[in-house]
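Chain IDs A, B, C and D follow the sequence of writing; residue 1 opens each chain.
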């Protein structure tokens, strides 16, 4: 385990030491890892999660998860007869630093795959680098969709794997007629709420005045007014629910205010897309019992694979109270998929693995299977859980089968006609089915240029 | 750049902001005229119905016990403090109450502070250079070059204040007396019409005091000088006209002899301060 | 939902009198004989379908087993579980991997069981509502007034025609004023919705949202007389609501303001008195909050006592940290205020990372004691949240305490002397160094107190301090450095301004507007609301 | 050969070239640029001396930070204004550049819209907001890189200096400024892409941003901008205006009584500094590939001040040293021991302010003076702004 804890290879220390001697001899930094990678060299797995700064709170456990998975894989004999080695860097919750670190991982360390990122903005920052240097990135967090890159595999939920089923549940099973969409002001809530608004109006005929939308800044701590507004919104005689895309730190004061203003899960249930077991460890869950969350995995899933995973995690962290959550499962799936694809391809070569991984199916932790789709999203079950007083979720509903992730939402005018398929011959992340061309990719332009000549 | 220049120089964009550059008009009498000036801080009247007239070319000494309002009076003249009521005129054309410090300074009122204030990080030479009467707007200042003429003038003043040898030293290392001299030198460079000198000889030796007295009396006639001083010996040595301030208003005015025999003055001031004066 | 309630109540009424009587005869002699029947009732709960579970709940309700309420409560709390061998158990504590359990039927403790071996009888929000109603129905006949009140309140808007006569009977029997009022209202809501004049009249002036819904339905009814009366009542109610909403916004503002005051007042001391720009102030608050958490860990099960004890403890911890900062760093930076800013900023980074490394990067759970949760109901449209009311009160007490220290104690006198003229104070025999230490400790300690209060409102985590530091500086600068009254007025008024703006500008814009307002205000009054005047201030 | 005021008879902009410190600085900078270029282009990639594209990129980023630090040192070191909001000017310059780069994407965005950037399509905007017009033209965008931060500094400075907001108050309201802007830019309604900011840039004035040659070009451009910015700042501080600034810093009232309109000098220097910060931001953005509101965060602005403090205030070259040193340390630390990075940074803040108040540059000068004192018996003194040019 110690060998894995940090990237411990002499190259880094050597080069940094020499650099420090003088700015001008900095050229040494260019001394990159040897190009003559031999078969007994370890396979390098890059981990790009913030270990300091505001995102450390969520991302540190993901780093540990990947390290644990690597350790397990090595105990099982490694991959292709080679050992795996973790290369950990800290992008410190700083988005430009994410791009810089990704470049370091790919150009300097020459890692074979990267597991990383949490926020959308960090993924957006890393995306051009990963595409330019042809890397592999596994992104484990639920996100707003509207993206499909050749080099990125999205193992978290797209909006149709979380938000839409959750709303279906509220309408069909709970009988909700009025919706307050409350979110932090950034891209994920904005997009999700736009999709939900369109979905509610088009598919369920919910009237404009029965939808309330509200955005707050990051880390918002004074919820008095907004909660009062929600309370009044819910007093109009129709069953009302709150759909919360409130992010991270703002949740505790939000829920505290809800319970203090006497809003009970039975009166106005709140369904959250960003609150998982990890977040609940920081909240006094007593007053929250019955509020909901929609995820693709809960720690409380009653399944032996899951119990094994939890036990391994508890053992790895040495903390009896350690919890698991959805993005961890996503890494679990992503890691196994990658390992399977490497095994199938017989090499870690990026292009080969990229082709081989489409269609790979591995077990998930909730008793089913996850398959990698041609649009680089995976199939997932959608679970709805109710918060219990022990910080766990009680699963009250789940989709009868798994749902395939949709990169381009059917409920947004701009993306309705787009699909992604990275198999030959299409090989396009934003194919426009109406005009039959690959939307904004440079491929179309190059083809045009070629024709003109 | 010229666009920016015009933006940063408000006086060129807005006519009404142009400084009143007209010369001081002293044809109709005094150079400084203060009438019924009152300043109060939270009800405490630091200056109370003060009336004061300084004639062109006059050397006037102002004395008074601590808290008499001497420094506040200077603050008013130089635009640092705004009086609660009253009027202050420079010549018969310039109402000082409508102007700010740099405007007043460029009109020709120079001030030496009670506590010597020089630019400690700059050299003695540079201190004098900055004080020199010149175009003090931004771009002329930015593009200013050193000419032989300027250098000669600074050299002259350095000679006068006896700091030629220390010209390249930072002003911060000067002794207290040297700083006093440097500040007087800066006043000379400014070529003001009216000099306000607050305690010029504090911390000086006997000889230095003599030279200062010489310098100040030499200035009178060409320029008007107002000296605030505690040192009675020094005042006696230079004074022609003395004004005694007490509790923010004029207690007595006249020659040193007249004033020092005034029973009111003796009562509030001289009697108590005799020892110190000697 | 409503149908279920009526149904349940009707069923229940058939047994009601017996149960009521049974509840009065406290000894439960017949219970053990019914175990077989009880097991059957519980067995019916362990099915897939939530509809079937609903029926099972009704069945339990209809049984005359006096343990029914406990079962339903356990089911509601998710503590009714089943072991692998089919036994029904009550989970006593459900944290960790192994949970202590007791037998549901006998109440006998069964030791600890692994969570792998237990299966929960799941419920969803529908069932949760059903259970609450069921418990409410039982409770309507309870001897406990509190329970009767809660259950009567649940009936608002849930009454239907068949229930009315029964409720009228109950109203006649009821002794408690509040319960009677609620029941009357519940009946009136039903009548108003049915278009009866009596109902509309009874609801006149009622601020309860359900009454408003009923009245607006009546106002759209067929009978013009009733509709007009309802409309008139409604407009009166709307007026009332507006006033209440204004009061509510004021309360929100004062509450936010009190948080700002608490966060800023320690800073006002260190900044105003010593001229130290303490960027680590937020982290000192964080220490206070973590002290509360640690206290609650030390005294499990006594969150209230822990909270009270953490007031002195939080003060001490932060004050000691303050002394360390003063001795370790700030004393070397006398007279260089802007550099204290940089150095203390460094300290704040270190403290944050220290907490992350030593404790955890994750937020910690601080429990709100019973007496601080919920709200104080003024009327049906206005209730004031208790935790914030305590914080508001706490802020005022802290402020008053500080004023006392500054005005009435030797320390305060010395502090004021040092503020006004350091050299003079020193020459008069005041040990300025000691005063510095005490002042900094005091300011830091108050930050710790603010942290204790904040632990009841927001996250206790490594970022706690950062979220408040800028706001605190704004408050101090806006109020005027070195003036405690200024800080109080500035904090409260900024809080109110923010909350007044928020409903129409949105949370983000409101905050931006407040910041721009402060920037412009400082242009007008460069030394804040209450500047220090005179010569000393200009130095 | 030190430059004295008396010999400053030549044209103000060329004056710095006769200073020893500027000569050394420019020499080192140009040599470094040439060396990196040579090692990148001429040395084959498998040679250990080869400088990779990653490193060139990294150096480019450091250099833009260095320019930013020079801008901060100009106002803090020479004017005595501790701005805790210079990150705002940096970010605005960056956004101006980012908007240009966004418009350059054209219809190559994911939605293929010819005019609207992806995030606007995403949020269902149907037309370009007015302030986005013109940014498709390079000259306009590059002018805005300087003008937008300059204008903000002008308005803000005009208000602040006119009413003589000084010291701590000024620092706090600059902080309020950048904090308010951060919140504003986070809002998606503002039309700057909210939290995600601007990304996915393709090309700059016709050059592919994903090619190594462009990266080298940007690195060199940043180096040249740093050199020019440095010369401009040196020219300002060695002019009489620079001495008025120092006079203002040390005795504002006295300067007023000499007839200088202090607030205008402050405003002038502040605006120049803001424009330099904007330029730094504009060079930073294409190299890191993203601009997002976190550049407005008050923490970042405080960090810039630390770079200057560490390098040595009121020297300009110290700011450059500080910026490169701290950021290099950050690169190393966050890679080798991520948990310790904040400890190291925090300790740096404390140790530098307590033990090295004059920074690394102060250390240089101390050592130099020690050496000289061994030969002569010059009196020791504290205030050595003249020696900055020594």
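Points to keep in mind about this one:
Here is the rule we use: contacts are C-beta pairs under 8 Å (C-beta built on N, C-alpha and C of every residue); 3 or more make two chains touch, one makes a residue touch a chain.
What you see is a predicted model; the values in this text were computed from it and never measured.
In terms of Cα centroid distance from the overall Cα mean, chain D ranks first.
More contacting C-beta pairs link the chains of A-C than the other of the two pairs A-C and C-D.
Centre-to-centre separation of subunit A and subunit C, using mean CA positions: 32 Å. Separating the CA-averaged centres of subunit A and subunit B is a span of 72 Å. Averaged C-alpha coordinates put the centre of subunit C at 46 Å from the centre of subunit D. A separation of 35 Å divides the Cα centre of subunit A from that of subunit D. Shared contact sites, meaning residues of subunit C that touch two or more other chains, fall at 353, 356, 508, 511. Annotation for subunit B: no residues touch two or more other chains.
Annotation for subunit A: residues 52, 185, 215, 217 touch two or more other chains. Of all residues in subunit D, only 4-12, 150, 154, 236, 239-241, 243-244, 246-247, 249-251, 253-262, 264-265, 267-268, 271, 379, 381-386 touch subunit B in the complex they form.
Residues 52, 54, 56-57, 60, 173-174, 185, 214-217, 219-222, 224-226, 228-229, 232, 235-237, 249, 252-253, 256-257, 259-262, 265-266, 269, 278-279, 281-284, 286-287, 289-290, 292, 302, 307, 314, 320-321, 386, 388-391, 394-397 of subunit A are the ones that touch subunit C when the two sit in their complex. By the touch rule above, subunit B contacts subunit D in their complex via residues 4, 7-10, 78, 80, 100-102, 105-106, 110-111, 113, 117-123, 125-126, 129-131, 133, 136-138, 141-147, 151, 168-170, 172-173, 186, 190.
For subunit C in complex with subunit A, the touching residues are 77-78, 94-97, 116, 119-120, 122-126, 128-129, 132, 157, 209-210, 212-213, 248-249, 252, 255-256, 259, 353, 356, 361-368, 373-375, 383, 385-388, 456-463, 467, 498-499, 502-503, 506-508, 511. Only residues 82, 156, 159-160, 162-169, 171-173, 175-177, 179-180, 183-184, 186-187, 298-299, 302, 305-306, 309, 339, 342-343, 345-350, 352-354, 357 of subunit D touch subunit C when the two sit together in their complex.
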